[in-house]
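What follows is a set of structures to go through.
Both complexes shown next keep subunit A, but they swap its partner, so subunit B is in the first and subunit C is in the second.
Then we have the complex of A and B:
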């Protein structure tokens, strides 16, 4: 087990690096599901966010402009979902799948337009890490927790903000009411449609930001398939996290840990079947869903279309 | 009260607009999937010349495999002004590979190039159907026709290209052996193919020939897209095995690896790139590159001479410029560059590594 001790810094680094984009996207999904909208189109929104952040960051030389553009692009894509599911009451799963097909294709189309045959445009830069003096020197956990990129810190700082919002704010309570029983919420004077649309805006923004993390924090390139299933993993972390921001953070960190462990095992056991190690985070996800995936824990009206005039 | 179907009712005009908008978006999505680019800019329909088309699983700017092929094609076109290039077919999934090839057959393309051995299994039927078409020729890279094209009815219009993996690996191994200060080197491959194992075996054997104390770390199944995996793997090897020189064979994953090397210190941690020459100021860790030219020019010469086909294998090696070392960065001293050139000459003459030395490494994988 010497390798585990030696690999611990890398595993912990990988834990926070893998957890941050999942956390951003899953928090977006939390807003959506709390308002009764299951958005499985996160994978597609992340792809668009990753491309837009990369392209705008490269063009302007300012990665934060890239992140802002990714947020706007994420919202724009999710407005398709909002229009179809909230306004037209189309099945949420079908629309989500359509976005998962359409959005990466849009991103790839944009990439081909942006890069073309000019390979100089194919590589950008990554965001600088921001080390917190003192705290980043703590053995083992100091580096992974306190030497991150600003977007990584932001992901973790959002957790208490979102928790406080749902527990203490009147509008947070409105979100929860809409997700539990939209008809009852409407009779209390809550504008259900508006809440659902706001949820779509927040979900799109955070999913776009999560996608941006991949191309401005993790790696300085955009490539078709860069999201690699993280949108679906984020969906699973919402369920595993029992629809609470703190739970989602724990689930994201746990997934990140298993991802880091997978890499450490791959790195140290060269001749072993690598595919077995690669399965570890996904096996964990399946087990987590088996044991924690009870639908009873989620918002009661989750996934159901809302017809304003129904009773 | 009756239930409303929607929370918003569409009139006929709005419905038509929505329909047209959806159709436009689907068309856009189709363009994205096809991955076509306006890169060729050539008059493919000119009379009296030859036409060439390339089908690839990635993009022409992937910084690795497909970019290497595309640059080889551009070099070949410079030598053959009577040839014109159709737009390369990028991001072609296996399921569409045969359709893409057939569309080029229908367009009367003289040479259809498939970037990689996955096309060998995809194209058997297309090649059989085109057997009577004397105009069309197929070139599939990185493929051994004996072991990978056994199901072909005829190889009359087919040739393949195989780089000399021993030479490529040995060149990278010599550079790694001379550049490492920690005696620990690493390699990332995208897929566990015989070619990947052959490259790594020669890489480590050559490095050990320079310095027997050198140890190698490897991963053969990193895929070609997950750059963050490259970062994490390399970071792990740096932390646990003190790796200070990497050689990659996994396109985008290599980008991630270079990022980890840069974080660890670009003056002490180095990368050897492949298959294109990318050393330069924007790649601070890259000390040199092992460059592969896919000898498309030779295939064009054979087509013009009427000698192409029969399942022949075009060997890309140091003698015909198929394998070479790219530019050195200023981190490689003149003394080391001199030694590398000396060893490269021995590698070219097959006087540096024996097959047994390479096999000794391969048998341990």
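Then we have the complex of A and C:
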């Protein structure tokens, strides 16, 4: 118990830091699934985002340019997914898997070209934290919530925006209908294909941004495998969060908490193998999916290809 | 009267198959215009062209005398054409209000203006007598209310022409009456309705004019006052339609199937079986009457080997008690089966017609070498072609998927497969559900022909008329129990009806 109380600040700090990228990516996936597209290629898009943000940030010396480049790269990669699933109606899981194989390899290839033997290129800088005066002094939660990097704030600010979009905007309503019943949407004159493509753009952008978070906010480096399954955890977050932005935020924070716990436990029990503690968030993911992973809750037409003129 | 819509020479091809060919149709303002036709006659396809879901291969549309192009559902909405689909096009997870305003663009703001729209909708509800709880999730609504949401959706978009695709198929009698009242108040206000149905009684009751479609072509348009049910039925199937009357036979004493005190989850009122005893003799049709959901599904599953009884005994054609309840064992014992749901249990939708036709016999020498290891494709195709010919299965080729067939033709595929091996015993469950009169009488003919050839038929149906028409003997199932056995010739209809209600 003492251990928990003593290390709580550490855990909480790590919580928001590891929740933010999950949140960005999972919100991207939310857009995708609300339009009926299950995109399991998040892992791959994140890898590309992480590398591009790192490389462009390093080259230009401006981390925000790096983030923008990561967004563009994420969209570009996801256009492969969009073309295959929306236009050609290929199985979504298969395409997502292909992206998971292709994209990290592209990132590694780029990394080897960029760094190569020039080890001076291997380390960049981390985005600075922006402390909000007053609020950041609140005990326990002040630090984690109000002393984040800008990208972190952005992630959490997106939650009310996305919620509002789906609830109050006409296009948000149309968006949801495409994931629930595309035939019905089509008969009402909603352009199903266009919404699906927009969803792919948003998903690619946010997944790229989430990847950028890893190499710009968490660490100043890019290494192969930096994503470490976070793309899949983000996928689980969407299910666990019941396809709502607020739910996804709660789920991301929970996963982040377990990630923080893992960090604290590693420091506390340094004799035990590191891998043992690293398992915690992943094991939690599995349990979360066993208990909350019912497919009934999601958008009804999720994962199904949409053929316009089928008979 | 003023003309609202005219179609000229509409063609719609799928590959080389014409779903519609040279259709001409004219809809007047303020009329209920019925489209009548068998399954697969092209009614739905034609309507999908009109609302922009399909692009016609040829032809023109005119609205109020002016030629219009309808390339997308949005175009149709803008021209004032709206459709209530047979399978509702509703987003179940949204409320009635959200469904109605979905995709509507009357407000230029990006934000929804639900309260403004609610007032508009409530006005429509009042004007046409449409009662809907706008804040209820569609998934929680009754079927009748879901349909009213669909109608409101169309009216909210300012439709002058409403297409109702078999709207009565899902409604109770009372709800049908309510729908007809709504339809009348719509036409009184100058709206036009295209009504699709094949229930003659309703067509005669509600229509002003009727257009008959057959095999994708427009046969004739008639005023309802100047025609008769008989004439329409004849036009629809393309020949003199005579409702066949089947002779009843007296059962032999030879039992083919005997259930003795069979129970299956007897505590479940709507789905279990309790102490069921019945005997099916050689060469008779035994009809099981009853209102849907009184144990029919369990009974059908039991006598096809899908379920094993919890207690009691089932004896097969050889007189021996059946020990192993598996579909294969029942097939080997000479059982044929027309299952309840042709899409789910009867056919593999994504496989071809030919493949579906040999599905039960792929292990036989006839269609494969080495017990199914190597299929003889030529033999399968020839076989399928022969069955297609014999059973008048309407398709472009036997290698098209079963899913692409109309309901009547799907049922023909199942019948062809099940009857080809001349079963000793046929279990037919709801064999004509959702079929039109042509397909229904084909199925009935086939079943009676099997009986005449010595096959025993267990007919399970919720359609009382069907049971009366075909059965040589009738049993009534109520809450999983047999209420009584009645003769099929001169049946005591009143008594049977009471038994079906549990009295």
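In the analysis below, the second predicted complex is superposed on the first by the 305 of 311 C-alpha atoms of A that agree within 3 Å, B and C clash if a C-alpha of one lies under 4 Å from a C-alpha of the other, contacts with A are read in each partner's own complex, and residues count from 1 in each chain.
Everything below uses one rule, namely that contacts are C-beta pairs under 8 Å (C-beta built on N, C-alpha and C of every residue); 3 or more make two chains touch, one makes a residue touch a chain.
No experiment lies behind these values; they were computed from the predicted model shown.
> Please indicate which partner A:170 is in contact with in the superposed arrangement: first for subunit B, second for subunit C, both, or neither.
second
> Identify the partner contact of A:304: answer first if only subunit B is touched, second if only subunit C is, both if each is, neither if none is.
After superposition on chain A, A:304 lies in contact with neither partner.
> Pick one for A:260: touches subunit B only (first), subunit C only (second), both, or neither.
First partner only, subunit B.
> Contacts for A:190 in the overlay, against subunit B (first) and subunit C (second): which applies, first, second, both or neither?
In the superposition, A:190 touches subunit C alone.
> Return first, second, both or neither, reflecting whether A:181 touches subunit B, subunit C, both chains, or no partner chain.
So A:181 only meets subunit C here.
> For A:136, select first, second, both or neither according to whether it touches subunit B, subunit C, the two together, or no partner.
neither
> Kindly classify A:105 by the partners it touches after superposition: subunit B alone (first), subunit C alone (second), both, or neither?
The first partner, subunit B, only.
> What is the shared patch of subunit A, the residues that subunit B and subunit C both contact?
Residues 309, 311 of subunit A touch both subunit B and subunit C.
> In their complex, what parts of subunit B are in touch with subunit A?
Touching subunit A: residues 1-8, 25-26, 28-33, 35-39, 58-63, 67, 70, 90-91, 217-221, 225-229, 231-233, 235-237, 239-241, 252, 255-256, 259, 282, 364-365 of subunit B.
> For subunit C, which residues are in contact with subunit A within the complex?
14, 51, 53-55, 72-74, 77, 83, 85, 89-94, 98, 101-105, 107, 109-112, 153, 404
> Which subunit A residues qualify as touching subunit C in the complex?
Going by the criterion above, the answer is residues 168-171, 173-174, 176-177, 180-181, 183-190, 299-300, 309, 311.
> Given the complex with subunit B, which residues does subunit A contribute to the contact?
The contact residues of subunit A facing subunit B are 3, 6-7, 9-10, 13-14, 17-18, 86-89, 101-102, 104-112, 115-119, 121-123, 126, 193, 214, 218-221, 223-226, 228, 260, 263-264, 266-268, 270-271, 274-275, 278, 306-311.
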